[in-house]
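Two complexes come next, and they have one chain in common, chain A, joined by chain B in the first and chain C in the second.
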Partner chain A sequence: MVRKIKDWLEVRIGLAEIIRTQLTGYMVPGNINLFYTLGFVALAAFFSQVATGFFLLIYYLPHSEYAFRSVQDIMSRVPYGWLFRMMHAVGSNLMVATVVLHMLSVSYMGSYKKPRELTWVAGAFMLFVTLTFCLSGYLLPWSQLSYWATTIVTSIPAAIPYAGDMIAGTLRGGEMVSGATLNRFFAIHVILLPLLLIFLFGIHLFLVRRIGVSSPPFGRTAPRWRPGTSFRHEDHPDGHPFYPYFVQREMMMVFLYFAAMFFIIAFLPTLFSPDDANTPADPFRTPAHIKPEWYFLPFYQLLKLIPNKLLGIGIQALLAALFIFWPFIDTREEDNILKRPRLLALFAAVVVSWVILTVWGRYS
Partner chain B sequence: MNAPARLLWLALALLLITPGLGRTEQIVCLDCHDSDMMRKELRAIPEEWRKSVHFQNGIACNDCHGGDPGDAQMAMSPERGFVGKPGYDQIPQFCGKCHIGILKNYLDSGHGRALKSSGSGPNCVTCHGSHLIQRASIDIINEERCSQCHTYERAKVIKEALFETERNIRELRGSIEALHKAGVYTEDLGKELFSTEAEFRTLFHSVDVSLIRQRTDGFLRQLDRIRGEDQNIVRELRFRKNFASYLMLVCLAAAGVLVMLFRTKG
Partner chain C sequence: MDRRRVLKSLLVLLGSALSVSLIYPLVRYLAPPSGAEQGGKVTIKKSEVEVGSSKDIVVRNIPAIVINTPEKGFIALSKVCTHLGCLVQYEKSKNRLLCPCHGGVYNLEGTVISGPPPKPLQKFAVKVEGDSVVIG
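Now for the complex of A and B:
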């Protein structure tokens, strides 16, 4: 039966050739490491979010009167609703962690260098889309935590001269966070952002396959491949086959990702949901210590440290632009960070500052 | 400007940009009562109130004393319903605006009748205090307090009759708080317990031993039902933990199989 289907497909689409050129005959670098699997893990995380999000959509009611109650019903009445909701909530945090780790490893391996500048830019935008996913999804449970965290975040653009109030008003759909904000964030979360992420992912994957997988600068046996003046695909004739060698490692990392997710659901179920996440939103009662999620803490803390709010936003926008266009700033050919002490120091400084601001933001 | 000062300014800026933030702090009553121009005993009121169960539940000055908390000029105007400090014999009616069930039982009790006939019987603040008011419990019935007016024997009998129900309420409250901290939405269960507790509190105020004994079984049955729901949630949480652990082990096993697979194939 399987043979018949294969033969049928072979005649029509040349299946054997696709498998040979795209899987078994497609070679990845011989010194490739596990960090190279993180892009695939992030993709698996996104599909997990789509699947669990679809399940939540069946029961979730995007209305300020019913949103909180519907989430509680998912948690307590819908069979296994708690599992899907927890997978979605914990998964969003793990997905951000995976994407951040992926970007860090790409920076450390120098994989953003010519000719992969556009791959980096698409990846950087995907990180921002992922963060926007988290921001828009955060309001949907309509809890005290989500309501007030969104109030604080949506008030930030108000510091921008002239257009600030208009931006804040457009985001909120009025003077303050209300049912109109919930409707906007819901539409952005379930339609706009998934389409945008899929589009960016398409560009990212196209560029990765078109240019070829970069080889890590560490443990090379052959001389480094150098791009020429015209387009050339980077191939690795002495490397490992994409399937089964690399796919097995990718799958192992995906299983470890889900093991980590289920560990948090089983043993640390409140890690990402403090008390205020279980209390319905009340616009007339501000909880005492509202903090953004861990991935926004460095931005939050930096904004707190800079006395002028506009200056704070300006600096953050500048840092974001530097991050997106970094491959066009660091144009030196050497991709081994260990041979570039100043770049290594900058990398370490960024990571350490990030950690310090996160911890500071959490406990300040 | 040093770092703490910068943080303070930023915190203030956040207060300004966040609508509704610190609602109770916007009450104009506090502007005067917190200031040095106020007499010492009146200045102590806001601090006592901030430590009270009323503050925790968002009950502000105007909820009891009336007036306009948003307008300094009219804050103490009778036109805006300001009643100020009630007279001694008016206190039960004053508190009874909200604590309706308790007021009825109190007025029918020996305490209430004494106040009505002589104008000097115990009223709400005799036992509960005024601005520093705390969540009530049967610990409020004690020899020191009751002996101010009469012997403790009868109060002791009432306390013993109430003891079992009170213990159950305390245990359940602790358990529901623990569930809330474990990420469970407990508002419905909490409301059910609160309503039972409130009904039980009205019974306190009748100071009628036979009535308390007669109704105790009913309260205990009601509390048993709430405990049943509470235990169901505890069991459900245990199942969730086990099920997620099982899924975690399945994923770890699958990752392990893959590791073995690519090790054996070199």
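Now for the complex of A and C:
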């Protein structure tokens, strides 16, 4: 039966050639490591979010009067509703962690260097889209935490001269966070952002396959591949086949991702869900010590440290621009960070500052 | 100019005109409807707010607070902190308003005493008419 299906497809789409050129005959570098699987893990995480998000949509009511109740019903009345809600909530945190780790490993391996600048830029935008996903999804349960965290975040653009109030008002659909904000964020979360992420992912994957997988700078057995003045695909004739060698490693990491997710759901269910996340939104009472999610803490703390809000936003926008266009700033050919002490020091400083700001923001 | 080029230019022109003509309606569509939050005064009884105490109200969809101060009588201020939009709380013992999010402190005039808020709290007009207090 399988043979017949394969023969049928072979006649119509040339299946054997696709398998040979894209899977078994597509070679990845011989010294490739597990960090190279993180992009695929992030993709698997996204599809998990799409699937669980779809299941939640069956019962979720995007209205300020019913949203909180519907989420509580999903958690307590709908059979296994808690499972899909928890997979979605914990998955959003793990997806951000995976994308951040992917970007860190790409930075450390120097994989953003010529000719992969555009691959990095597409990836950086995908990180921002992922964070926007988290931000827009955060409001949807309509809890005290989601309401006031959204109030704070949507107040930030108000510091921009002239257009600030208009931007904040457009984001909120009014002067305060209200049902209008919920509708806007819901539309952004379930339609706009998924389409945008799939579009960016298409560009990212096209570039990865078109240019070829970069070889890590550590443990090379062959001389480093160098881009020429005209386009050239980076191939690795002495490497490992993409399938089964690399796909098996990717799948192992995907299972590790789900193992981490189910460990948190089973043993640390309140890790991403403080008390205020289980209290209905009250637009007339701000809870004490409201904090954003861990991935926004560095931005939040930096904003707190800089007394002028406009200056704080300006510095963050500058840092974001530096991050997006980093491949056009670091144009040195050497891709081994261990041979570039100043770059290594900068990398370490960024990571350490990030951790310090996160911890400081959490406990200040 | 050949026919193909003219047609191509016309298509570009038509496409651009279509895109541009949709931008304005889209911006207007996304901006919050104006006028919905205008007007609207709030009237409360004087007896509802004794000297030294306060009452939370909503003026034009904005959470606000009326405080009956011993020195200046009734004062009405927006509760929305001008820093990042959290709601300030009245601290009677310290005669001040405190934002629980980032520690912004205002006096009962709405002026910033300390913390990150960039400007004073919005003030609402207060008029005492007999037994009533009209705010807004």
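Quick notes on this one:
The rule we apply is simple: the second predicted complex is superposed on the first by the 364 of 364 C-alpha atoms of A that agree within 3 Å, B and C clash if a C-alpha of one lies under 4 Å from a C-alpha of the other, contacts with A are read in each partner's own complex, and residues count from 1 in each chain.
Convention: a contact is a pair of C-beta atoms (placed from the backbone, for glycine too) under 8 Å apart; a residue touches a chain by one contact, two chains touch by 3 or more.
Just so it is clear, the model here is predicted, and its values are computed rather than measured.
Superposition of the two structures on chain A shows chain C clashing with chain B. Within the superposed three-chain model, A:Ile152 lies in touch with chain B and with chain C [touch as defined at top].
When the two structures are aligned on the shared chain, A:Arg340 is found in touch with neither chain B nor chain C.
In the superposition on chain A, A:Ala180 contacts chain C only, with no contact to chain B.
In the superposition on chain A, contact of A:Gln72 is made with chain B only, not with chain C.
Once chain A of one complex is fitted onto chain A of the other, the partner contacts of A:Phe284 extend to both chain B and chain C.
Shared-chain residue A:Arg220: touches no atom of chain B or chain C.
Of the two partner chains, chain C is the only one touched by A:Thr170; chain B is not.
Contacts of A:Pro307 after superposition on the shared chain: both chain B and chain C are touched.
On chain A, the surface patch touched by chain B in one complex and by chain C in the other comprises residues 148, 151-152, 155, 175-176, 283-286, 304, 307, 309.
Within the complex formed with chain A, the residues of chain C that make contact are 30-32, 36-37, 56, 58, 61-63, 79-80, 83-87, 89, 99-102, 116, 118. Residues of chain A touching chain C in their complex: 148, 151-152, 154-156, 159, 166, 169-170, 172-178, 180, 283-290, 304, 307-309. Taken in their complex, chain A has these residues touching chain B: 72, 75-76, 82-83, 86, 148, 151-152, 155, 158, 175-176, 244-245, 248-249, 251-253, 255-256, 258-259, 262-263, 265-267, 269-270, 273, 275, 277-280, 283-286, 303-305, 307, 309, 364. Contact residues on chain B toward chain A in their complex (touch as defined above): 1, 3, 6-7, 9-10, 13-14, 17-23, 58, 180-187, 233, 236, 240-245, 247-248, 251-252, 254-255, 258-259, 261-262, 265.
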